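Presented sequentially are two complexes of subunit A, the first with subunit B as partner and the second with subunit C.
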Partner chain A sequence: MKRLLGVALGILTAIGGFVDIGDLVTNAVVGSRFGLSLIWVVAVGVVGICVFANMSGRVAAASGRATFEVIRERLGPRAGLANLSASFLINLMTVTAEIGGIALALQLASSVNYLLWIPLAAVAVWLVIWRVKFSIMENVTGLLGLTLIVFAVALFLLKPDWGTLASQAIPAVPAEETGATYWYFAIALFGAAMTPYEVFFFSSGAVEEGWKIKDLIQSRINVLVGFPLGGLLSVAIAGCAAVVLLPAGISVTSLSQVILPVAEGAGKLGLAVVLLGIVAATFGAALETTLSSGYTLAQFFGWSWGKFRAPAKAARFHVSMIICLLVGIAVLATGVDPVLVTEYSVVFSAVALPLTYLPILIVANDPQYMGKHVNGRGVNVVAMVYLVVILVASLAAIPLMIVTGAGA
Partner chain B sequence: MILGDLLGTPVHNDDGVWLGRVADARFVVDGAPHRLMADARLLGLVVSPHSWSSFMGYERNSLTQPWPLPKLLRWRHRGSFFVMWEDIEVLGDRSVRLRPGYTAYSPALDGNGQE
Partner chain C sequence: MKTPRPPGSDPLAPIPPVAGQTLDAQLHLLDRQVLDSDGVPVTTVDDLELGAPEGEPETPIETVIPTGTPAPVLRALLTGPVLGTRIFGGRPPSSRLIRIPWADVASVGVVVRLGVSGQGLDADWVERWIRDKIIARIPGGRRDPR
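And now, the complex of A and B:
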């Protein structure tokens, strides 16, 4: 019974934890401009993150090493440092976007300017990282994030013509968009679903919680059930935008537009629930990304790390996270639009993805790390297909960003 | 000298013919024993004519998955060889010179990572 509860809890937190500011914004932007014609990318991204998280979780459980410990060992100090720099900067950008997301959601709830919420949000994130137990932190934000199911509820309440909506789901470039913008947003959506921090966090979390090989079955169920259901939430966000915003000719540029369809479909109550959900989801993701920045640095430089240690025992780990939060505050204090930061962060996530994916794939095949838990043949076939997909997306992202003027 | 600085250094034979760059340094742990581990001793250098990037672990012959990565990585390091420390004449900042009649060993390692 206890085991069953554990599995259920794991799945629920995986669903709630799947959606972050990147998924919210990108799915809504895509829905409002492309309808459901890019929804196949969510499926591609979800399968990809399942493969990646499953591999890195297995590496962590079998070898006791988290992602950046593996990268440092496999790539050596120099290539490893270049890798760390790129991954860390993009993760920092995601931290900034998530904190901005919390502040924007609180602004919508309170009518107090988001700039005033930013320091509060960052301090709250820091306090939780400093004081709250890892498992409680994970479960509370994950479960509260589940309230984003209101997007799916709103979609039903909007009573769309399901036939038309389904016919939109065929991959095709809408008449008013170009092929380049279509593929640019395909990469953005892919980057939003397969953000690298999810994997830093997932593998470090496995070490934090002391996973052993026997825990792998549960983690596999969490990932293989939770992430696809989280992907369905993403589809519901895009669907709401496709039903309400696309016909009205509104292309999403702010968080208020993201939740507009929920207000229309599910009224005031829905609005309250979606705001709670967005605050929980972005807050949870802010915790995960901030921890990820500490994890990556500490794992690379060999500092002691982890929330299971008292902060005094992992001083550099905690100090580096405080600095990251301060940098995030400073960037947002310039008045840069957090939604814009989010849109860039998901694309750069796609650019950086091969840097972490390839070392994990290699180590997952190395019996000296993995013993008999190396990748099976089937996993390797899928993993190699994804390596190609990830490489293509990574190489195409910046040229497409330039050609399309960042999707304008 | 920091060992990391040696990586990428051009390697010549005693006639000054360019052979490649230092891609790796190999150690054996057979020095004075300590509580955790014995001292490491530099056994020699791996010289690679095409790339001095990491072998990513594929110098071990036992690694064959996932196709086609091992093939690609080994192809990138084709023509690489291992020279013993005794065969190195000069270890400079800008270049490494090998002794005349040095022996070029295969850089491949067997299953346990032994020579």
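And now, the complex of A and C:
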């Protein structure tokens, strides 16, 4: 019974933890402009993150090594440092976007300007990282994030014509959009679903929680059930936007437009629930990305790290996270639109994807690290196919960004 | 690339036979995580220091190595600013190197384990400084989360 409860809890937190500000904004933008015609990308992204999150968890459990230690060992200091610089900067951008997301959601709930919420949000994030136990942090934010199911509820309450909605789901470029913008947003959606920080966080979390090989079944269930259901949440967000915003000709540029369909479909109560969900989801993701920035730095340089240690026993790790949060506050204090930061962060995430996923794939095949737990042939075939997809998306992202004027 | 030997010089002394495991510096040592005797991460192996075996005279760098010079031995694991010079080129003066003596290494596997605690090592001074000056002064800094 207790084990069953553990499995259920793991799945629920995986669902609630899947959606972050990148998924929220990108899915709503895509839904409001392309209907459901890009929904296939979410499916592709979810399968990819399942494969690689699983792999990085297995590497961490079998060898006790987290992702960035492995990246440095395999790529050497020079390529490793280039990788660290890119991954770290993009991660910092995501931290900034998530904190901005918390502040925007709090603004919608309180009518107090989001700029005033930013320092509070950042301090709250730091306090949780400083004091709260890893597993409690994961479970609470994950479970509260589950309230985002209200997007799916709202979609039903909106009573759309399911036939037309389903017919939208066929991949096709809408008449009023160009092929370039279609593919640009395909890459953004892919980047949002597969954000590299999830892998840093997943593998470091495995070390934090002291996973052994026997715990892998549990984690595999979490990933293989939780992430696809989280992906369904993403689809519901896009669906809501496709039903309400697309016919009205509203293209999403702010968080209030993201939740507009929920207000229309599920009323005041729905609005209250969705705001709670967005705060929980962005707060959870802010914790994960902030920790990830500490993880990447500490693992590259070989510092002592981890929430399982007292802060004094992982001093550089904690100082670097404090600095990251301060940088995030400083960037947001300039008045830059957090939604815009989010839109760029998901595309740059797509650019950086191969940097994370290739080294993991190499190590997952290395018997010195993995013993008999090296990748099976099936996993390798899927992973290789994904590597090609990731590489194409990564190379095409910047040119498409320039050609489309960042999707304008 | 093979450079022709100057005429009249003899080949270097052959590698002496070694007992036990052979380590490839690039593959098994460089960029590996170093843990101390309590399993706490200390650093990553940023570079290695080679030198003449005990009792032998040091060969000055950037000179022709005379015939009959014994093979160098691994002196220490290096860390600190030496990572910068390893990436961008150059060589810090010997006095600036932060060393972990090879004698302190207990085992080499997926990680390099030391036989000593990291607390007293030079390699850990930045960590100790940040701990004592910043982290330990923030309330709750020494509280164990578990």
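By our rule, the second predicted complex is superposed on the first by the 408 of 408 C-alpha atoms of A that agree within 3 Å, B and C clash if a C-alpha of one lies under 4 Å from a C-alpha of the other, contacts with A are read in each partner's own complex, and residues count from 1 in each chain.
Methods note: a residue touches a chain if its C-beta (ideal position, glycine included) is under 8 Å from a C-beta of that chain, and two chains touch if they have at least 3 such contacts.
Since the structure is predicted, the reported quantities are computational estimates derived from the model, not experimental observations.
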For this session: For A:Arg78, select first, second, both or neither according to whether it touches subunit B, subunit C, the two together, or no partner.
Result: both
For this session: Have a look at where A:Ala169 lands relative to subunit B and subunit C in the superposition and call it first, second, both or neither.
Result: neither
For this session: May I ask you to decide whether A:Arg316 touches subunit B, subunit C, both, or neither, giving the answer as first, second, both or neither?
Result: second
For this session: Counting touched residues of subunit A, say whether subunit B or subunit C comes out ahead.
Result: C
For this session: Check the residue A:Leu391 against both partner chains and state whether it touches subunit B (first), subunit C (second), both, or neither.
Result: neither
Exercise. Looking at the overlay, what does A:Ala272 touch: subunit B (first), subunit C (second), both, or neither?
Worked result: neither
For this session: Please indicate which partner A:Asn365 is in contact with in the superposed arrangement: first for subunit B, second for subunit C, both, or neither.
Result: first
Exercise. Thinking of the overlay built on chain A, is A:Ala383 touched by subunit B (first), by subunit C (second), by both, or by neither?
Worked result: first
For this session: Mind working out whether A:Val374 is in touch with subunit B, subunit C, both or neither, as first, second, both or neither?
Result: first
Seminar exercise, completed: Shared subunit A footprint, subunit B vs subunit C, residue numbers 76-78, 368
Exercise. In the complex of these two chains, what residues of subunit C are touching subunit A?
Worked result: 30-34, 40-46, 79, 83, 86-87, 110-111, 126-128, 130-131, 134-136, 138, 140-146
Problem set entry | Residues on subunit B engaged by subunit A in the complex (per definition of touch) | 4, 7, 53-54, 56-57, 60, 62-63, 65-69, 113
Seminar exercise, completed: Given the complex, residues on subunit A that touch subunit B span 74-79, 359, 361-363, 365-368, 374-375, 380-381, 383-384
Seminar exercise, completed: Contacts from subunit A onto subunit C in the complex sit at residues 63-65, 69, 72-73, 76-78, 80-81, 130-134, 298, 300-305, 307-313, 315-316, 318-319, 368-369
